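Given below, in the form of structure tokens, are the structures.
In what follows, chain A forms one complex with chain B and a second complex with chain C.
Take a look at the complex of A and B:
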């Protein structure tokens, strides 16, 4: 073999004919289940530290939301004006707010409404959005034109504005459910567009043609073959959206038209604290940090799942 | 091209009608009698209430009210606010302010988002990239109003670098901080979008071809990578102008700006249907037109896209 000049980074490849015996190629196990998108993604996810950080954080937040009493024995509504704006002391690690309520207890108890609103709104939005998007994408024709225009209409109306109007209409019945309805009614168009696009791209696959040829009905083709294969982008968007819905709830509470004062929530506490930002900044810091951390963990989760599902992002 | 634009304008009509009808219906459903509320505690005489109702068409059924309103719009008569001002005069007063704010926010997120995103994408996996990613996540996660209050307090009050409120003197300097706050979240999205897009395009075949041809690194990046990476970013920015103008409601409240947001908020609380619907209609039109503009820009950015 002639000596070729070698530079750093330069590699030489030689075909090694006898390296891979033909038998190995032939002995592929055909009965093994093929690696599905999800199995593949799980393989990727396991190795990402970001995934584990997000999982642990989300698990922790959900536990705090479900069992706040495990984390504090102080009643968040037991406020004593004698404690107004007191610094941290034993048993009260974050100190007290202006009304003399324990900030730590309020931060812990504030998790439940935020997480509930986030999860329920995401469910509503995915339900409406996926249904509309799937029907528009799958049945096409005038169904598609009609549903796409309706989606456009809801998309064109500014979200915050619509929320303010509806929340003013429902002012007396304010509560977690009304906030969920408002955010849900105006949050679904994005999911509908994503689902429609996803269904359209899957609709003409060979396996759909095969299902049709085998005599599957239209509905079962959609539900059993198309939807599972177009679910990935919906799930990714939904995870990120969950975080943004929590921010939206806090924004409504901040405007005074979200959750009522009787509900201990991060948005309401931030809104109260903002008026006394100069006097007692910690009062704003803790609920805001808790809110940010919650949103952050869901966005991080959506991010890593998207990377894991997207073969293009994996390449390098 | 002309055919495509024409078709898009036709699609605009149902969206316009649907959105205004929906907003009108929602305002119509607002509880309380707006006319009686005008009188406050002192009340209002029956004859006056009757005349006011007639003047604002409030004595008509819902659909007639809406149709009368629509009829007015087509002759550029947007109705009168409850304080007797022409709605169109209100719009002339508040829209320039909010528009200036939104455009400044858009420029901020466009210039810095694309700039930082490009650097992060070129150095994928390095320190700058990871820092930018983490910081952008934090910006997305912290609500706008918290960013607004903290910046207002630190930069405006403590350090005194920029005026903390805007009030009646609307200029570049007073609007700078509100614009940064308003554009903060979108800035983070633009950064992430640009970064992903650049990192993906860097390994594309045409980039390798260009490099192999001997094209300089700066030309490869500026002409080949950036132009191709900007398509999703431009889509986002275009759709964002409308949302920025509507989303300004919170920023305007924090920095005391007399723009669309504050006017809308008051009009909603007072149940002034013509004002709410007119302002919203303009917002919807801005939103739809900027989206149309983006679609046309595609053809400039990506020669493969042609609207025949």
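Take a look at the complex of A and C:
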């Protein structure tokens, strides 16, 4: 071929076929196990020690909350002033508080109200927040503007301060349900925001347009395509928020406006113990440690779940 | 070769040849590159060899994941993440830089080897002025500082083909179009007068006409400066047109290398052979004889659809379509009007393919969305099978949806990542309440078979499939309701050449089999030649030329069409056996 003469090292070269066999164009690897986003997340989670630590702790806390009688046979309300501030003894591993109540039993029984408030408030908040956020993000227009402003107003009110004010007003109706409702009413804006943003970003995907083009109704597109794809950040936030709601309940109880005295709660016990901090610090230590551990487990769980569901970590 | 010419073929690159026998500028020997992944090391490049002589242009061609970019990045020590050179040698200008220290590499980069990166949109820092970013390249390489640098910046930008360079240097990247940004990046790459310029897919994000102008300019400039160029591209036509030496990579290995012409004319490795026959810019004919198939499909229709009532021959008719968008202005309540589509008329004959061709911003996708009834036209009418779409009530619209289905460009966005493939393909059947569970499952199997995917695919999720496979799933979903018209909006643009050819063949076969009509939206005229029967060329919302494919290619009437045709990479190569002149008139 009359061409510019080929220079050294630039002769026509081709690899032997057995060196690089040419595969079928774009064949499907049939051997690989099917994996979905959730399965992928599970694979990620499985390898994280933090996930297992958090799971075990959360499982333990939930069991304690549901069946406190499995862990102690002592009645947390049976207090005898004769036992006031006694050190640990057989059957009473943490000793007694000023009122003569068993600290271990009170710590165990204190799990139930905390976990109940945490779980119920999270449910309320996710329901309200996701609904408002999804409607605002999906339908948009004036509804979005209105809901966004409402969220802004709620956002501007400090969450705990608002709860304190309302709980003070509702002093006579104190109880788990009241706390859940008050925390729920002031806690949903954050979820609404996250949901709205998430829905907005999924709304313009081609697969949503495709669903529209094949005749799926707006509501079914929202429920079947957009919400499942927006769920990850909501789940992550909810897990972390659960911990903060438990803290909020403890704060309110500590201030004496959360759960009534008749309910054994960590917040109430911490409040009682602080007056006797110098004389008998263990009285404060155990409920505080239980509270910290519970909140930590949920926040840890939120952290690993976020890592696993991070869209950037997904296979693309 | 169809024409046994013995006169020297005009070198499309026209590169200045260094005196024969001079030492190579870059010599890569047996290069091995590894990436660490969760599942262990993965070999990205296996024993690659590559030689570039001073002033020469060489191109590495390959599909995504072939290791072409990795090879080039290994040369300038810019491997991303966990990438590491694990073997072989890289000799640049007589100096072994395989294991050069970070400091030595800083000296080599920019000053001796320049880089023009792939994406002009993300490779300029948005918070700094263009001039500053060019000056940075001068300063970093110790070329010029202060006032002198400012002067040099203007010179460099002017040299890269930016008019009014001094003023442009004071602008920010967002004030530049894609083509202008790429010019600025070229100015940066050549700022320190390197001996070698690595151009990593320098124009794949740009419109073809802009691509051509920029590559022409780059070619002239490097020729003038005597700079060697290492192109990295997925486009065989472009590579052959711009480089004198080709290196074809596949799965991390160099499967073939040699003089461009020789490789195109006489590919030896089966992979190269496939690539040469699939490259749309080279194989410039309809995948199957259009006329022959046209007859077939009308016969097919006559046989199946002969129910007395003669159906309209024009399945889609668009009349004087205009679409105006309101764009929010600077002040609240203030809007400006933007005419995306301006008085467009065309029709699609049943069983044929109509292509809408245009560059970005030509309004072609807006037309597609109006035809799909996802957007309402501002003016004009769209008739489907003789019915005006604007008169449909919600029930009729639901029925219309069955008959027209879309396939979108981005294979990663068009499938719901949460849906298994089975649910994805079954969704249209479920929405339209077709059949029971059992019959739907059978239909999904049938559809997967139609798009040549194994039935086991239905248990998988989109993330596990390649781009081409996802596009086939999207086709299966579109076919589920047995539509009459499919709107393909850049349906093959994001795919590798071989996969693209596979999908086009599939679409073609399906058309012959099912008598489908396609509205094919694309920016790529080369693809049009392979699939379309008729073409509308669009520019800024208007149809500038409408004719049959053969007419547009053989006898373009409008200067804009001619410009588009000339911009197809490889269009100027006339040495192949399958040249344009071989096509029946």
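The criterion applied here is as follows: the second predicted complex is superposed on the first by the 277 of 316 C-alpha atoms of A that agree within 3 Å, B and C clash if a C-alpha of one lies under 4 Å from a C-alpha of the other, contacts with A are read in each partner's own complex, and residues count from 1 in each chain.
In this text, a residue touches a chain if its C-beta (ideal position, glycine included) is under 8 Å from a C-beta of that chain, and two chains touch if they have at least 3 such contacts.
As the structure is a computational prediction, the values presented were derived from the model and not from experiment.
**Student:** Based on the superposed arrangement, let me know which partner A:293 touches: chain B (first), chain C (second), both, or neither?
**Tutor:** A:293 sits against chain B, while chain C stays out of touch.
**Student:** State whether A:234 touches chain B only (first), chain C only (second), both chains, or neither.
**Tutor:** Neither chain B nor chain C is touched by A:234.
**Student:** So in the superposed three-chain picture, is A:206 touching just chain B, just chain C, both, or none of them (first/second/both/neither)?
**Tutor:** After superposing on A, A:206 lies in contact with chain C but is clear of chain B.
**Student:** In the overlaid three-chain picture, which partner chain does A:277 touch, first (chain B) or second (chain C), both, or neither?
**Tutor:** first
**Student:** Identify the partner contact of A:165: answer first if only chain B is touched, second if only chain C is, both if each is, neither if none is.
**Tutor:** So A:165 only meets chain B here.
**Student:** After lining up the shared chain so the two structures overlap, which partner does A:40 touch, if you call chain B first and chain C second: first, second, both or neither?
**Tutor:** Touch status of A:40: second partner only.
**Student:** One more residue to check, A:156. First (chain B), second (chain C), both or neither?
**Tutor:** first
**Student:** Taking the superposition on A as described, I'd like to know which of chain B and chain C A:225 touches: first, second, both or neither.
**Tutor:** Only chain C; A:225 stays clear of chain B.
**Student:** Overlap of the chain B and chain C footprints on chain A, residue-wise?
**Tutor:** Of chain A, residues 315-316 contact chain B in one complex and chain C in the other.
**Student:** In their complex, what parts of chain C are in touch with chain A?
**Tutor:** 6-9, 11, 17, 20-21, 24, 27, 49, 51, 53, 244-245, 250-251, 253-259, 261-263, 265, 268-272, 274, 372, 374, 397-398, 401-402, 404-406, 408-410, 412-420, 427-428, 431-432, 453-454, 456-457, 459-461, 463-466, 468-469, 474, 477, 481, 498-499, 502
**Student:** Quick one: which bits of chain A touch chain C in the complex? Just the residue numbers, please.
**Tutor:** For this pair, the touching residues of chain A are 1-15, 17, 19-20, 22-23, 25-26, 28, 30, 32, 34-37, 40, 205-207, 209-216, 220, 225, 228-229, 314-316.
**Student:** Going by the contact rule set out above, which residues of chain A touch chain B in the complex?
**Tutor:** Checking each residue of chain A against chain B gives 149-150, 152-154, 156-162, 164-166, 168-169, 171-172, 243, 247, 250-251, 254-255, 267, 270, 274, 277-278, 281, 284, 288, 291-293, 295-296, 299-300, 303, 312-313, 315-316.
**Student:** Using the touch definition up top, name the residues of chain B that touch chain A in the complex.
**Tutor:** Where chain B meets chain A, its residues are 11, 14-15, 18-19, 22-23, 26-27, 29-31, 124, 137-138, 140-146, 149-150, 153, 157, 196, 200, 203, 242-243, 245-247, 249-250, 253, 264-265, 268-269, 276, 280, 283-284, 287-288.
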